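Labels run A, B and C following the written order; every chain starts at residue 1.
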Amino acid sequence: MSEPHAPRRPLDPESAPPIFEASGLRKRYRLGAFTIEALRGVDLVVTRGEFVVVAGPSGCGKTTLFNLLGALDGPDSGSVLFEGSDLGRQTSGERTLFLRRKVGFVFQSFNLIPVLTAYENVEYPLRIDGLGRAERRRRTEEALASVGLAGRMHQRPDQLSGGERQRVALARGLVHDPRVILADEPTANLDSTTGAEIVDLLARTNTERGTTFLIATHDPAVIERSPRRIRLLDGRVIADEGAGARRPGGVR
Amino acid sequence: MKFAVIALRNLARNRRRTLLSLLIVAAGTIGTLLTAGFIRFSFEGLREAIIHGGIGQLEVVPRSDVAGGESSAERPGIPGMQDWQELRNGIEAMPHVLAAGAIVQFTGMLSKGERSAAVIAVANEPGRERRMRFEVKLRGGTGLPDAPPSDGEDAILLGTVLARSLGAEAGDLLTLLGITTDGTLNALDLRVAGLITTGLQDLDSRIVKMHLASAQRLLGTQNITSLVIGLDDTARTPEVQAELDRRLRGREPSLAIVDWKTRAPFYGQVESLYLGIFWFLGSVIFVLVCLSTSNTLMMSVMERVREIGTLLAIGTSRAQVAAIILLEALWLGLLGALAGDLLGIALVAAINGLGIQMPPPPGATGGIELRLATAPGDFAATVALMLVILGIAAAVPVGMSVRLRIADALRHV
Amino acid sequence: MFSGRLSAAIVAVLALMPAPAPAAVITPEAAADILRKSDVASLAPESFRARLRIDALHQRPGPMDIEVWRSGDAKSLVRFLGPNETGKYLLRLDDVVWFLAPGARKPIKMSPARRLRGSASIDDVLGIRYGRDYGIERATETEEAGEPLVVLDLAARSKRAPYPKIRYFVRRATERPVRAEYLLPSGKTSSVVEFLEWREGARPVARRLVITDRLRSGLRTEVTLLEMEERQIPDGLFDLADPTERSRLEERSSEAGG
């Protein structure tokens, strides 16, 4: 199948391949007699290794967009290609494997499993993927170390601070080494200092591991640090700034 | 599996609710355990009362006398079993056989002066009956002596109701009129040794018992109606019956081996009545436990919608989510049933220790002491039952968690 | 309308039909005479000893022999002759029947309706007194196998009568009974006695009769007179309390046998 649409922006000199190619994404919600047009035709290309912020006020459709990119939901029309393959054509088994291996999620309210310790939360994606015990241990400890939580890994989420929890969530998102992390308002529940630390962590991970990051936010402190800022309003992309810049490190 | 641990930890989240569920499951377990114990007690009690009341576990009768396999009390006639001594010796040499007692049953007219009554007479060998652990429930006087009575010394036991209607008591001399095997009348004087009860009012108004020798004297025959076989363990009945069947095959005239259950159709009726009650109570317990635990499982799923959405979003398959919920239910079933079984053991011991008196069952003449006959298998069975109930109770919550849409679940607050 | 015409027609047809011929009516005096002359029990000798065989045909056990001693209307004694029956008697004094057995010290009162073998009751063997216990309700004439029979409908007039109603068939020519049908209060026939052979003589005695039980699927029992001797009978034989005379009887028969 040929590419359904051409990328809008010139590619990076290193010509990394696109990881997401979204085109014509529409999504409506029906609330009784009302219909809310959450996305009204969104086109988007994200290349591998990019660090992208999707910015816009609350209710503009960020979460809806991320759900479509992360295959947690399907669009009413339009399509999302992930590394060239159409997410809409996945079987439910393929979708489970996609979620398990290809993406990592970071949520605004952390969404840790409360009955599991920090270690177990991070280990969980490896466990459901059937990895061996030694491998699990190595990767879990590594992921926890990379978010700076090596010392507190046997605490339950309710014994951790917000920042620590979001670090655990990030470690869980990273532990299986996904291609992309979709972080939906990762700093909204944190104070600004902690939020800044988390953004630092995301940026560093992007630099060090080359993981693609898409971050939904309306926090100016986060927006200004991103090399590429896609502005969303009322379900439409109204601006795509700094396209082409790939590393957040370059901004600093 | 890790999911079992997750499920268990999930149960620990809302301890109060989990404790309530466990109590319900435990109560259901205790209920089932006690009902089963009571019903088994009733069955075993009735069974042993029937067997040791005089019919034994097995009976060998001429096949021509067996019509539809009913109790020999229903077919009094001419004793038709000849040359039974050798057969008896053979049977008594078999394993598990305590003894084989000769029985003559006939009908007659018993009179005391002007009063007379039609009776069912059962003549037996008291010594052998004792070896077969048969019980004679004496209600006055003495039992029959083991030794065959000499001429003119014949003794008789009367059913209590019969004795009352004849106005007879121990020591009285009565005359029994019967029909000999030649088809003519004969009469015999018998002294009342004692009064007995069979436990059944109806039979107590018709039954008399005497020594085999007395009946043979009256009826002028050495034949018997049947051989009643007592075993050391009722559970051995089928195996001894099969062995006897093999030994008696081809014998002429043909003999039938009838087991106690066939001879006491009453038992079957009681059994099905009690089983009906058991199934009814069981269903009530089933439904109550199922509905209430299903409800609490549902509540815990509803509270965790976002968490389940998260599990799905990070790659947990729907089958794995279902497994977590199902395992929570099964944990409840297992732990509740184990707790119930432990409490049940204590309760059964306590009830059995108290010696509670029960009113007599319909048609019976005496009350019985309540004991619960709980079998080791009951504990495993209640655990299995509760696992099944909880499995069913989990159906709706599992179905619901499996149908969650991830995006909606994640938005759920 | 139509039905009215139809019923009129039926009435007309009935009116035209010949009335059934009335049964020949017998005068009460003639009927009483026939009953007196044919009353089996009364016909028998006043005092006799007889041997009878009772056989429930095609049934087990086989035939049973008894000895009947009779003295007048009031006393009769049945002695059982079977090999194991030594010392057993039925004693009828007036209408009370007693059973005497060596195993029982006291006599046992029995119902005269008690069966001895097959359908033969004590009454059947010792005789029912038609003339004494029954009154004639109706006497008619009928014909069977070309022979005229008198049919006497008898009704019990004494408490001693074993059946409430009897239909008694007597051959007109010989004035001998042919059969008696015993009826229950409901009118249903309970049993039928057929008098098949006679011992002729000054006092004719039925030599063979067959009792058919209509209530027990037609079970037939045959009673045969084996021998009969008219003779005086010592009164001691009928003594309820004292068995001496009867035991003498046993001794004599065992001497005869041995």
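Basically, contacts are C-beta pairs under 8 Å (C-beta built on N, C-alpha and C of every residue); 3 or more make two chains touch, one makes a residue touch a chain.
Since we're looking at a predicted model, the values are computed, not measured.
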Chain whose Cα mean lies nearest the overall Cα mean: B
Longest centre-to-centre distance from chain B, chain (CA-based): A
Inter-chain centre distance, chain B versus chain C - centres from mean C-alpha coordinates, in Å: 56
Geometric centre distance via CA averages, chain B-chain A, whole Å: 69
Centroid spacing, where centroids are CA-atom means, of chain A and chain C in whole angstrom: 119
Footprint of chain B on chain A - complex, ascending: 63, 67, 70, 72-73, 92-93, 96-97, 99-101, 104-105, 107, 111, 113-116, 124-125, 127-129, 172
Chain B to chain A touching residues, read off their complex: 2, 6, 9-10, 12-13, 306-307, 310-318, 320, 405-407, 410-411
Parts of chain B lying in touch with chain C, wherever the complex brings them together: 111, 114, 173, 175, 177, 180-189, 217-218, 220
Chain C to chain B touching residues, read off their complex: 60-61, 64, 80, 82, 84-85, 88, 90, 99, 101, 103-106, 108-109, 116-117
